[in-house]
């Protein structure tokens, strides 16, 4: 596959993640959409690294860091979800509106 | 000592005192007073030190550079600035000392002294400025500090109004001055004063006479505002609302002197611009006569002194415009001394009787205030030009210059003004020192020592200063012209005539105590109403302004307001509508962000 | 010298298919045999006789197989059909995929892979998802609870498992299983890393959900845990998966700690399997010896004992390697 | 040929999983979709020549993150609750945004000519050893920062999620 093909796949994945993050009301589904978008970015980096950059390691290191950060992010996100669930008995993003006046 | 250190002490000490007093000593007026006095003393001593060292090359420090234009801060130490710097520092010191008595029980003492110090700093820095822009900055600071001091008793509406008036009138002049300075910048690409005034390569040699005239006139507008020349003179009498020592300072060595000093600084420029010089001469002569006539009929002591200042400033400008730098500087210095003396004496009366009215002061026994009355006599004589006091010599120089260059008409005007000066000065003296009756009820008022010492000092100066004309001339690098007794005769005659008529009208027993001018009703009315200039302004400028503002008000309320309201309501409605996209629904934000990103991608890609 | 069997074929994908077929066959037969072994062994430990059908009761498993295969595949009424069907396959599939990586002999291996250990650790985590899907898809509260426990347990014990493998990688400086086995020609790493082996065995026991860590399927509390609702061959797949996991874990321990195929006199493959089955017998022995832990004790044991211990072991190994 | 088809299989996995994650109303299906998609992505990484990153993707994303999400789901959503009916306008808006974005990016990609290297990097340079070396030398700071971030994330997660003693 060519570089462009990989990029198109990544863009499609990102768009799917966007739909996931925008159309769902459940916080966990939202998180899933965000993860998809991050992975689309990873794919882009890997593809660019393979086809464009002379240094063979940099893209992989990028992706490894993205994976690590995603792990950290998920840990925090999930703990917040649990906390919210304990406080409100719900994790519907549209119902958590205590701050909106 | 090092010149730089001295000049820094001269200008820096008042500033330091100002900062210290305002920052640390607000609650401790006595300490503030002491600090400021000490600073003033330092300033005087170092200014004298500088004068003793003599003229040196200018000190320049680059402030910044833009293109080929260098802006510098520095000190121009030539004869004029050195001598006038000493005068400024000395008179300021005297007035500060005097103020410790005059303002002894004023609640705003710290502010007062701090502002005096600030005033001294800005005036001194102006005097020593080497760069035209630097001079302009301190020129404005002088205006600002006089605004503060005239409005020192800002709780009095008249004082606040007078301060505003002074500030606005001088500002009108400053606009002209600023335009002139910008013209200079454009033509010369430089602000450096010595460079601009250089006789070989200065501005005058490089610019067409028309441009030079334009510059000179524009600058003269600034001088007109600052030195209270017709038609921008009306602020000065009103400025009497400030404390009397402030008036003394304002009229002698600082505010109004700044205008004359600027003219002294740019004298070569004015000499090159002949047409402008002629206009200056005309206006100055007219001002001298005009203000003298008003002073003839006013009964407020400080106002009389104020008008006399205007007329004396006119004398100085006449001298300068007629081409004699020496006469201008000489009269500026002598005038500074005896005018300060006169104001300080008037301050003693006002301090004692709480009135400015001369007849009132006289009737309440003003002559029992020995120091004040003696000072008034000496100062008045000096002002009138009684030989051999200071004023006589400096005025004589002016007459001589006018006569020499054949400005006969102007010399006639000058003699008229000198005659009037002698008349109103002695009218004032007679009204105070020889009242028709004395109400004996008043206690013997006191003259605090702190107020007496400056009066003595200045009186001494007023007596002897006239004899130092040669030194001043040599300080300027000029040679004082020689005068024969015969050439002095007309001047002496004019003075004697003025005094005689004043004696006849006010001084002798059973005097009518109305001026000879009272017999000519239309003139009297004209003079009493100050030539209707204030009224003219009121009818024309102020009324026009009011009419214009009424029109604008109508436009504002009927046209603009409605539309503004509609505009505002429209914004409100837009806001109300657009809150829908700001609804806390994060996913929507994400969508918009991505859409914008997509649009950007499409547009840029 | 080593030869990749896969590369002997013209078509690598065909080879891969053949490999998977062989492995599937082996694992199936092996699972049957292990079930027999476990029943016999447990009987011996409990002073019973155990299965009796056929010679030494060997036929018992054949019959059981027949029974499972012929049973109706029931699906609970409100179960999530897709998940319910996929789950057993997801539990079983990773083992099959990864078994090809083991170097059974010095000369012939299926496939040598330079980061085999990472791959194994990565893919073996997938079976947790399978277990969870099984529990959720059954729509049964016992199944769900079992699944929740199982997921928690697997996540927790995966950490000491990985940490106990890392010292070996550090010593050998390779992640290829073949190279690790080769590096133990002088002595097996159990001699230098005994603590790592112990941690590995414990964690692996927990990962395979075997007693004393069989909380997810604790009969007395949860009926049968995540596979409560399964019957017939789907249940059989879970069974297979469990024993396949055992073999897998023991094979890994063998390669990492016990020197793989290394051994005197006997052929390589024989030595390898002797070691693997010895470990399997050890794990069975555990099951019938130790009592089951309570769930909170189980988690605490992982986080408070095993993780720090493995970290200390890692630290010491690092220091020693640095100093030597 | 066969290799190409395997890559296409991975792409299909990525997109099918993505669609499951994006469109399914059941959270669990969305998670499964995420898992499938990530698995496919790991395959793509493999085809891009980095088995190590692929393995890491599987180890951390599927073995760790997906399982953690599943775990959180179990703790926060009752199994019997029916998912709420989707907001059609919202979904339409989301799909519209995504489609516009996709076509914008596709347009950009088509229009851009990337300066590609003549030959892809050699297998040796892609080895785990080089990667580890780079991580611990040139990218040391990033590596350490990442570990710090992870530590903080752990502490933070524990602090946020723990039950408060009342």
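By letter and in written order, the chains are A, B, C and D; residue numbering begins at 1 in each of them.
Operating definition for what follows: contacts are C-beta pairs under 8 Å (C-beta built on N, C-alpha and C of every residue); 3 or more make two chains touch, one makes a residue touch a chain.
The model shown is predicted, which means the values in this text are computed figures rather than measured ones.
Chain pairs C-D and A-D differ in how many C-beta pairs they share in contact, with the greater number at A-D. The chain with its CA mean position farthest from that of chain B is C. With centres computed from Cα atoms alone, the innermost chain of the structure is A.
In whole angstrom, the spacing between the mean C-alpha positions of chain A and chain C is 32.
The centroid of the Cα atoms in chain C and the matching centroid in chain D are 27 Å apart.
Per-chain CA centroids place chain A at a distance of 6 Å from chain D. Centre-to-centre separation between chain B and chain D, using Cα means, comes to 80 Å. For chain A, the set of residues touching two or more other chains reads 18, 22-23. Shared contact sites, meaning residues of chain D that touch two or more other chains, fall at 52, 56, 64, 68, 71, 90, 93-94, 97-98, 101, 105. Among all residues of chain C, none touch two or more other chains. Chain contacts here follow an irregular pattern that is not a line, a ring, a star or a complete set.
Residue ranges on chain B touching chain A, taken from their complex, read 583-588, 590-591, 594.
Looking at the complex, you find that chain C touches chain D at residues 11, 13, 80, 83, 113-115, 118-119, 121-123, 125-126, 128-129, 132-133, 136, 139, 144, 147-148, 151-152, 154-155, 158, 175. Partner chain B is touched in their complex by these residues of chain A: 18, 21-23, 30, 93-94, 97, 99-100. On the side of chain D, the complex with chain B involves touching residues 90, 93-94, 97-98, 100-101, 103-105, 107-108, 111-112. Interface residues of chain A, counted against chain D in their complex, comprise 1, 3-4, 6-9, 11-20, 22-26, 28-29, 31-33, 35-36, 39, 42-43, 46-54, 56-58, 60-61, 63-65, 67-76, 78-83, 85-86, 91-92.
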